[in-house]
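Look for chain A in each of the two complexes below; its partner is chain B in the first and chain C in the second.
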Partner chain A sequence: MFVGYVSVQLARDGKVDYASLAYPGAVAGIFIVLHLVMRFLLPMADGLILPLAAGLTFLGMVMIERLDPKLALEQLLWIAVAAAAFVLVVLFLRNYEILAQYKYTLGIAALVLLALPMVFGTEVNGAKLWLKVGPMSFQPAELAKVLLVIFLAAFFAEKHELLSISTHRVLGIPVPEIKYFVPLLVMWGVSVLMMIFQKDLGSSLLFFGIFICMVYAATARKTYVLVGAALFLLGAFLCYLAFSHVQVRVQTWLNPFNPATIQRQSYQISQSLFALSSGGVSGSGLGLGYPKLIPSVSTDFIFSAVGEELGMIGAVAVVLMYILLVARGIKVALLHRDDFGKLLAVGLTSVIALQAFIIMGGVTRLIPLTGITLPFVSYGGSSLLANFILLALLLILSHRGATTNVASIRKGAGR
Partner chain B sequence: MRKRETSDTRLTVVAAVLFLGLAVVAGKLVIIQGLEAGRYKKLAAEQRDTSINVTPRRGTVFDREGEIMAISEDVTTIYATPYQVKDKPAVAQKVAEVLGQDPGDVLKKLQEPSGFVYLARKFDKTLAAELEKMDLPGIGFIQESKRFYPLGSLCSQALGLVDVDNKGQAGLELYYEDVLGGEPGEVLLERDAAGNPIPGSEKKRKDAVDGTDLQLTLDKDIQAKLEEALASGVERYSAEAGTALVMDCNTGDILAMATSPTFDPNERSEIDAAAMRNRAITDVYEPGSSLKIVTASAALEQKVVEPQTALNVPSILKVADKEFKEAEPKPARQLTFSQVISQSSNVGTIMVALQLGDERLAQYLDRMGLGSKTGVDFPGEVAGLVPPVSTWSGTSAATISIGQGISVTPLQLACVMGAIANGGRKISPHFLKSKITDEGTRDMGLGGLGDEVLSQDACRKMSAILEQVVAAGNTGSKAAVNYYRVGGKTGTAEKARKGGSGYSGTYMATFAGFAPAERPRLVCMVVFDEPSPIWGGETAAPVFKEIMAYSLQHLKVPPSYTSPEGGAGGQD
Partner chain C sequence: MNRQIKVLLAVFVICLLGITVNLAWVQIFGAEDIQGNAYNKRRLIEEYAIQRGDIISADGQTLARSVDSGTEYRWQREYPQGALFADVTGYDSWRYGRSGLEETFNDELLGKGTNLNLRTLGNRLLGTSKKGNSLKLTVNNQLQRVATDSLGGRKGAVVALDPKTGAVLAMVTHPTFDPNVTVPMDGRDTTAAWEALNADPGRPLFNRPTSGLYPPGSSFKVVVAAAALDVGVVTPETVFDCAGKLVVQGYTIYDFARKSHGDLTFAEALVVSCNITFAQVGLRLGAEALVQYAEEFGFNKPMPFDLPTEASKIQSADTMDQVALAAASFGQGQDLATPLQMAQVAAAIANGGVLLRPFLVDEIRDYNNKIIEQFGPSRLAEVVSPRTAETLTDIMVDVVDDGTGTAAQIDGVKVAGKTGTAEVEGQEPHAWFICFAPADDPVIAIAVIVENGGEGGRTAAPIARDVLEQALE
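Moving on, here comes the complex of A and B:
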């Protein structure tokens, strides 16, 4: 990160200002503290997860410093706040099982958080996602996604056996009782409502994706997945017919270089593609590209800036970091013994994987573009806070999974 | 344990799906950044940037002695991106103050709903720097260069000028555009999300390649003298215009060339388009008697006559139903051929031309380069009109032999005169002497003597006859230059009626000559358009004398005589 920082400065000013190395120094310090906290409190936790998150956070800091130095300080402060939250979670939630007892409270809290902006929200860039409190704006959906994962994990852990019992057969396919589709329908309803009221296609897709992943992991019922996917596509199609902003998203996805829209609706996506392509294999070098041409490059489009300045090598490396993170997350789930922990780990991992996929897929025009942050990398306080809490939970699960395994092995050995 | 295994399988499936999704993203990256990067880059180039061409520093033009004739100065172009200008009236006030414009006009520009407006193009560099120091948001600066002609109107038609984009527009500036112009660079103005250029985002994409300096064959001092003599001649003889040129008859170097009136290329807005024509090259006229030098040279070389051949010249000569007579009525008389030319007898010349015949006359016109371009390095040269011999009527040889029914450029006629002077070798007239690059001066080796068009013997005889023209009492006596032996020929031709047949009653007066006769160095040609008096010997000849006298002295050409009028102490 220091190297990145210095090269950004060299490209921008042609000289290095040593005082400004305080930023990367501070971020490094925060992660060292987090690492020590983890080592002492969660000695058995996975050793790779935190460094991966640190790497992505560093990259984000460097890119934000390069794109908008004013935002870098804010990002640094948010990293500190998020790190504090991380420590608090590790301190007080090491017995994560208590979360399961409050599952409905948390679930309702998540829904309330989601609903808040619809009522009190401020509209930014056509989407009502932000709550303004004084000078700060906060995106409740970010926190809601963590709460929702906890709720779903607890809910499925308790009910998955019921959910997986088939009592009917439709066209020869075993189908569970209708009432067990209720949670599915509720989630679907929430997603569609989000699309309609908040115009937040990204989060809507994310929530539904998390739900599908968890329901499958919990029940192994392809029926849920198929019905869920069908419902989601139906909902998306209805929204496409009903709402112009959804149509615009799809149109710009299919035809980003349409001369009629390239200066307006499809400007962002086309600029993103141009930026990525101009980076080529090895990139323009930090500070030497023109990523500022992309609107909201420091949040949703930060990956395009990475691709332009660090090239295919850098961008694919970022993808690999997420793959590794997901691999370690799934490993946490695999090593875990109780269902709640397992499902929680899967859910948290899915959040990161899906979120990364949705935005990276969006800026590369793999899927229609939806505004969502790139975990750990993008500028944004709510996102950082949520992701660090998520990280803390994952590490707790990892630690606990490893210790119980060791205990059980010892127990087994003793027997 | 069984249950745990199934659960793990599910997790693996979830993991596989998530991996697959991310792997597809990586694959898509490879496509965009690797495989199809070129296609996207092309699209990007079309859309992304507003690019502004940066005019390179244009090559300097020097005269043969290193005097600067045209040079490019650094200037600044000032533009604005209106929507980024916050306090428009205040900014307009400040900008207008520096630019010396009306604040209202500037404000109007700043209120335009466009992303880019020029506030001032090619503005003084130091003043622009003052404005730049104020650091006004939305106001941008581009460094450019502007053409300046330190000698003002001097040599303006030959040099030509450049347009506002610094591209050659006329004259040598146009002809040598590729050399002087260099290659333009490109500055990119990035666009913001709304597609407007962002001031201060200028990025050089391509450096401009500066143009090459040129040294011309022109001589600033001779040019100045020529223009001065020509201008006073135009005034003295109330002529419409005057054209003159001085050329080295051994190399084809054009030392001076101008048409009066001239123009000042530094004051673009006041230029009269007619004054921009470099008429010695781009305009043709009927040369009249001065063309007799071609007829006479052909006759001498073909041994149709000798200088001393006596001719019985009638007062009127009837050729195929048409009667030819002298410019001023003369009785029938006996003249030597030499006298026919020196007294410019039409009848005598026609008699010789008829003996020479159509074919041979046409052949010599062609050999002397009439009817085809001289190949001078100047845009817009015309070839003139020599009717093909196959179309000649019974009177064609007669009329053409005395310079009627044929059109030539002054430069073509100067080349004919030069060929006679230099011993019969074809001349390639040119302006370019050398290119000056970082590696040094490279002589372009233009010109030099070409094929033999006339035998040395014929040239010697012609030269002697042409010296007689300038002798006291003959048509060109006013062209005589003190201390130097001069040869030449007058011409007075009625102008063809514009847009119709027949003649207009107005005249073109010519004198073409060379000096020093014993070792010719310079050719000079003077033409007046509608002078009064009409005679070439009365108008063009004295101006020729003025120009030739100065040029010979300026070039330190050794005098032919030790006394002004010649005779005693002559070199040969």
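Moving on, here comes the complex of A and C:
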């Protein structure tokens, strides 16, 4: 990270300002503290998860310094706040099981957080996601996703056996009773509402994706997955027919270089592709490309900046870090013994996996572009806060899963 | 539950690996396609991050330079001489592209020259490749100015060459344009001016010297005379009969103003520009020899040059019947020539029959002003023997001394020239004059055309004289 900082400064000014190396120093210090907290309070936790998150955060810090030095200080402060939240979670939620007792409270809180911007929100970049409180703006959906995962983990841990029972057969496929589709429909409704009222396709896809992952992990019912996917596609299709902003997303995905839209609707995606293509294998070098041509490059499009300046080597390294992080998260889930912990770990890991996939796939035009942040890397306080809390929970689960005296809430639960 | 979790892991890994596969496409295999998109500003920004080299006239005037615009396209062009050298330098504009030397020498001006020698390699390693190379031209600011003033707003072109090297000393076209119009800057919207240039029926963006195709009229008689003398079908003393008209295959050809010259020698026929004599000379010479010589002079293929050129045209020998041959022999057939081509004809005679490649760029210098490439004479063809050239020169001197070209006379200097008055259907004829001087040791060869300017001797020759005077000073 220090090397990255120095190289950014060399490219920009041709000299190094040693005082500004305080930023990377501070971030490194924060992670050393977090590491020590983890060693003392969660000694059995997975040793790779925190370094991977640190690596991604470092990379984000370097890229933000390169893209907009003013944002780097804010990012640093947010990292500090998020780290504090991490420590608090580790201190007070080591008995994560208590979360299960408040599952409905948390679920309702998640819905309230989601609903807040619909009512009080301000619209930024065509999506209503932000709550403005004085000079601060906050994206409640980021925190909501963590709360939702906790709720779903607790709910499925309690109900997954019920949900797995098939009483009907449709076309030879075992199908659970209709009433057990209710949670699915509720979730679907929430996603569609988000798509309609917040114009936030990214979060909508993410929330529904998390739900599908967890319901599949909990029940092993492909029916839910299939019905869920079908419902989502149906909802997406109806929205496509009904709302121009959805149509624009799809059309710019199919044809980003259409001269009619390239200066307007498909400007972002085409600029992102130009940036990536100019990076080639090894990239232009930090500070030597032109990633600032891409709108919102320090948030949603930070991956394109990595691809331009660090090339495919850098971009693939980022993808591999996410794969490793996801693999370690899944390992936490596999090693855990109680259902709630298992599902919680799966849910938290799914958040990272899906979010990384949706935005990296979006900016590289693998899937239609939807604006969400790249976990740990993108600039943004709410995103950092939520992801650090998520990280803390995952490490607690890891520690507890590896500790032999796990108190299993439901002994002999089907595994 | 663990089985499902493993399935989920597999799905996640496949999805994320899908991104790397897609990256390989976007960043490597499909990258060139994406980058080539016209809306990709990166290419432009990178090009305009380079301080493009200056373009400088032979006498040290700056014709084009780069100024720091402070915008995302950093180094923008400025043309201090305005319209004067527009047909030479062309323009370099991030919005409208390039023309002229800015286009043909783009790589050199950007410092991307292909010859990687020790110095350019050194420059590259030292990171100074952000500065391009400058071009020192052969054109002379004073001469260009005189030629422009003398043409004086009439439609036409002037090309002046150094016959011993092929260096272009002046190249003027009118109407022309101010290349600064192509460079939009903050607070200077030039869109309307640019659109007006493109819509102008006078075609100011059109480079007449290199691409304007005109019937050469009697100036083409120099080509015919050179061929006839070189082949030996005539000598200066060969006597012809001009009855004012000639019947070829039942088709009557009249002389200019239906005038009869009576009996006259071949030399006298060139001096008074007798069409009837030249029709007979052409018939004696034959289509094949005429076309062959014209092609040696450069017809029927684009003249090799530092700028794009249009090929001057002469009908092919096998489609040329006797009538066409007779008409072509006094420059009123289907033949068409660029001003550059006719200047080359004069220059070849001036240079003892040897045609040289014309050139505009004399030297390429790096940002330290060190010469990294130099250009000099390069032979294209030996069109006629030195003897033929000498004989023809003597006759062309007579043209100026006491023929149709007296308007080009200069005290104490022997000027060799030939007028041309090219008939244009329903309009005033184009006025031509080609010449070189001093006749015994030429330093300049000129072609002048004034569109619909009337008689060449009256309209074009005085312009040539002004340019000669300036050059011989």
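Keep in mind that, in the parts below, the second predicted complex is superposed on the first by the 404 of 415 C-alpha atoms of A that agree within 3 Å, B and C clash if a C-alpha of one lies under 4 Å from a C-alpha of the other, contacts with A are read in each partner's own complex, and residues count from 1 in each chain.
Please note the rule applied: contacts are C-beta pairs under 8 Å (C-beta built on N, C-alpha and C of every residue); 3 or more make two chains touch, one makes a residue touch a chain.
Quantities reported herein were computed from a predicted structural model and do not represent experimental measurements.
Novice: Touching A:G307 in the superposition: chain B (first), chain C (second), both, neither?
Specialist: both
Novice: Can A:A230 be said to touch chain B (first), chain C (second), both, or neither?
Specialist: neither
Novice: So in the superposed three-chain picture, is A:A333 touching just chain B, just chain C, both, or none of them (first/second/both/neither)?
Specialist: Once the two structures are laid over each other on A, A:A333 reaches both partners.
Novice: Looking at A:L36 after the superposition, I want to know if it touches chain B, chain C, both of them or none. Which is it: first, second, both, neither?
Specialist: neither
Novice: For chain A, what residues appear in both contact lists, the one with chain B and the one with chain C?
Specialist: Dual-contact residues (chain A): 213, 216-218, 220, 257, 262-263, 270, 273-274, 276-281, 290, 293, 307, 311-312, 315-316, 319, 322-323, 326-327, 330, 333-334, 339, 342, 346, 349-350, 353-354, 356-357, 360-361, 364-366.
Novice: Across the complex, what residues on chain A touch chain C?
Specialist: Its residues touching chain C are 213, 216-218, 220, 257, 259, 262-263, 270, 273-281, 290, 293, 307, 311-312, 315-316, 319, 322-323, 326-327, 330, 333-334, 339, 342, 346, 349-350, 353-354, 356-357, 360-361, 364-366, 414-415.
Novice: Of all residues in chain B, which touch chain A in the complex?
Specialist: Against chain A, chain B makes touches at 4, 6-15, 17-19, 21-26, 28-30, 32-34, 36-41, 43-44, 47-48, 190-195, 203.
Novice: Flag every residue of chain A that touches chain B in the complex, lowest number first.
Specialist: 213, 216-218, 220, 257, 262-263, 267-268, 270-271, 273-274, 276-281, 290, 292-293, 295, 307, 311-312, 315-316, 319-320, 322-323, 326-327, 330, 333-334, 337, 339, 342, 346, 349-350, 353-354, 356-357, 360-361, 364-366
Novice: What residues on chain C touch chain A, complex-wise?
Specialist: 1-9, 12-13, 15-20, 22-24, 26-28, 30-32, 34-35, 37, 39-42, 45-46
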